[in-house]
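A short worksheet on the structure shown next.
Note that the chains take the letters A, B and C in the order they are written out, and that residue 1 is the start of every chain.
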Amino acid sequence: MVDFFLEKFSQISWLTGLPDGILFVLAVILIAIPIFLFLAVNALVVVYAERKISAFMQDRLGPMGQGAGLHAGKWGLLQTVADTVKLISKEDIIPAAVDKKLFISAPFIFFIGSFITFVALPFNQTIVAANFNIGIFYIVAVSSVGVIGIILAGYGSNNKWSLYGAMRSAAQIISYEIPVALSLLTVVMLVGSLQMQEIIKAQDGVIWGFLPHWFVFKNPFTFIAFFILFISGVAEVNRTPFDIPEAESELVAGFHTEYSGLRWAFFFLAEYANVFIVAGVASVVFLGGWQSPIPGFLEGSGWGLVWFLGKAIFLIFTMIWFRWTFPRLRTDQLMVMCWKYFIPIAFINIMGVGLWDLFVS
Amino acid sequence: MGVEHDHELGVIHAEEMVLNVGPQHPSTHGVLRLKVQTDGEIITKIDPYIGYLHRCFEKHCENVTYEQCIPYIDRCDYIASMNNDFGYAVTVEQLMGIEIPEKVEYIRVIVAELNRIASHLLAIGTIGLDVGAFTPFLYCFRDRERILDLFEMLCGARLLYNYIWVGGVSHDFPVGWVEKTYEFIDYFEPKIHEYNELLTYNKIFIERTADVGILPVDVAISYGVTGPNLRGSGLRWDLRRDDLYSIYDQFEFDIPVGTGAMGSVGDCWDRYYVRVREMEESAKIVRQALDQMPREGDVHATIPRKIRPPKGQIYKRTESPRGDLGFYIISDGSPIPFRIKLRSPAFTAVSCINEIARGWMLSDVMVILGSLDIVLGEIDR
Amino acid sequence: MRYFSNIWQAITTLLIGMRVTIVHFFKARKGIVTLQYPVERWPRPERNIGFSFDSYNVIRSRLHVDMDDCIGCLKCVRACPVDCIRIETFKVEKGVDIPEANHIGVTSQGTQKRLLVTRFDIDMTECCYCNLCTYPCPEECIYMVGGPNSSKHEIDYEFSEYDRNNIIYRFAKVPPEEVARRKAEKEMEKTAL
């Protein structure tokens, strides 16, 4: 996308005079702002959807706007806007005994971790912020930056409960990176390239005449790998059933107990951005990204965006469904599940994918 | 069971951390303070501190008459309020030697069993909440609302009824109440199947609760634990069978015990499952009572004009949803009781938490506390 | 082997649980139990969350006293377990007319009133809504409004106040000068004895 913008700049006469560095920075800012806006809108929409979906699952109504006065729009659509305004206008409380540098920088580091993962997701045949040729590798590597933010938040808060939450979370995220990486490796083996657009392009066509040639259907081992990727992704994002770090009924709110107002809003924003990223990566790698499910029809550039967002939304709905159905696992059971169940199965998957591809197809 | 704590681990001097699971709990059991000493995540000692909800109920009862005591007794175990009144009324009636008509007996049993279902629904919902499953909590409360609507139709109040009086009950059934109760029981019995699918047999829930917080039978008896907690450890002891107090011998119902189906006998899952099965059995009792109840009769026939028991003392126990609720009443012949003491089953349950939670992790403490199903109003009175 | 049975059990039970919630999600329209207060007030007979309230036998709502019927027998004061009712009465002579207090005539049930009730305070901050005061009243003048009593007073369950002094319900209708005059008379009688 940077090349796209630089080309456009070279066609505007009064910009060509500026030095190259400044043009580059301008292009980067022009890309970063829509991404930030997309993240903000994503947080608004997904939070509203979560509250409404959880309400319908629990036989209640969720946010509604009724009655006189300043109300939250019909069907409560303005509820998250109202929440955002409230969070921005809150008093910025920094407890006296915290470690100021760590406390203040933690939400930003956590947010940056999810922001920079975002740049490698392809939305469309042409819209991708940075089309790295090491796309998948970059995503796996960079998504660990968020752990630093969590540890700083928990340690810097000078609170026993936050420390508990942060330590549990760090262990959890680092452990679950391994099944994620191993599952992505199965797809990389089949495609032969780490570049995201190549992976999507390798998923066009049909299997057995009617099923789209997505990797989830291609191979029984990649089918299992999809589920391992998805569930490990849910664990990476700290959502139920793996939300021990923010376990509301035990440790009051885990590592972000002491945060309020806009700082907490950053944690919140970054968490829902992570949710989108997990859904996005799983849909790109296994469900065909912007490929249409009916091969041959509806394959234009605009439709690609629709398909990508649709698949991501379906996976987000499944994550919300998980959250409101299952209880949460204890920390040691979480670790057992990762190291004793997911990792052996992921290794067997890699072997199986290779053997299946060699002998069967 | 637990970890043998040893400070001399080579040269590393590890200290224990003292945590306050403070009076304000995220898990709703009331105001209870637990001082927890942990070594990393493993618990070494728990001290419960109670008394935050003490309202001097027993002292109040020494200054008001027997009829006026009943609102106070309602407020002790506020979740199973009918069972409290039932125990008190049965005790005073035995002291005074009153025989009550059959219709009143049936009404009392129906109402007490409905309240048992409501109390167990709350217990099951809050165990789900402690473990992290939010949805079963709301389903349980939706069904509990229907029971509370039935009670509201009966006596006007939802939670603290003042309905069972010494010598009878305060009102007869309104028109249409029996049909509504039949409707409720028909609606409710399939719901237990839904709770089982959603929570009881869920693998994650089983992982969290099976083999956790095992209460052996001899420990339970030595602490005086009764009710579903004791039945979860394998002993089939139920006061409705073993120490008969009303017309419970006319109904057919099972007494579920914990069998270690998912882990060991006496773990949290067993106590939880005993409560789920008890709800089914209570629904059966209500249905049988509605079928057998005489529709005509005066509920006010044997309410004495003035309650003035003869001099003496009595201790009688009944089965409340939490266990063995005992009333010890000393009367000196006047309309005002000399002393009323309430023996609270949840008090014994909270006192054995140190035994059963040692050696488990911090997350397990909430699950164990939830499976013991305590109500602070009863513990502190 | 337990390894594989664990995996199998996990997958099946989790899927069964997910089926329960998704069924609720799609049946949302019929199953919702929320009452959107204050736009929808209870009771609302058309939505099946409870029952129709015209078959109430008893109700617990706001306490009300029909002062015209009160004969000052003090039975409700004795019945209250928390002592939240305070009543002061004065004996009246036959035939004296006090307009503000129903002319000291007869109650609606036909009893002759012999006492003038000058103070009838119910402290609602202490009241525990046990309904014990309504049973002994011989004239049925103290009751909880609505339900079976809706012919006398319609239902009212939203009676929170903004000022703490309004929480004490003062039902007596005798003007203060009258009360002061009678108190002064009583004092004079005592000192005269």
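Methods note: a contact is a pair of C-beta atoms (placed from the backbone, for glycine too) under 8 Å apart; a residue touches a chain by one contact, two chains touch by 3 or more.
Quick caveat, the model's predicted, so the values are computed rather than measured.
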Based on Cα centres, what is the most central chain?
B
Pair joined by the larger number of C-beta contacts - A-C, A-B
A-B
Averaging over Cα atoms per chain, report the distance between chain B and chain C in Å.
29
Measuring from the mean C-alpha position of chain A to the mean C-alpha position of chain C, what distance in angstrom results?
55
Euclidean distance of C-alpha centroids - chain A vs chain B, Å:
45
Could you tell me which residues belong to chain C and also touch two or more other chains?
14, 17, 20-21, 33
Find every residue in chain A that makes contact with two or more other chains and list them.
57-60, 324-326
Got the chain B residues that touch at least 2 other chains?
135, 142, 198-199, 202, 204
Footprint of chain C on chain A - complex, ascending:
53, 56-61, 64, 66-67, 321-322, 324-326, 341
Contacts from chain B onto chain A in the complex sit at residues 17, 19, 26-27, 41, 128-135, 138-139, 142, 198-199, 202, 204-205, 207-208, 361-364, 366
Mind pulling up the chain C residues that touch chain A in the complex?
3, 7, 14, 17-18, 20-22, 24-25, 28, 31-34, 36, 38-39
Within the complex, which stretch of chain A touches chain B?
54, 57-60, 160, 164, 240-241, 243-244, 247-250, 252, 324-333
Of all residues in chain B, which touch chain C in the complex?
64, 67-72, 135, 142, 145-146, 149, 152-157, 160, 162, 170-176, 180, 194, 197-199, 201-204
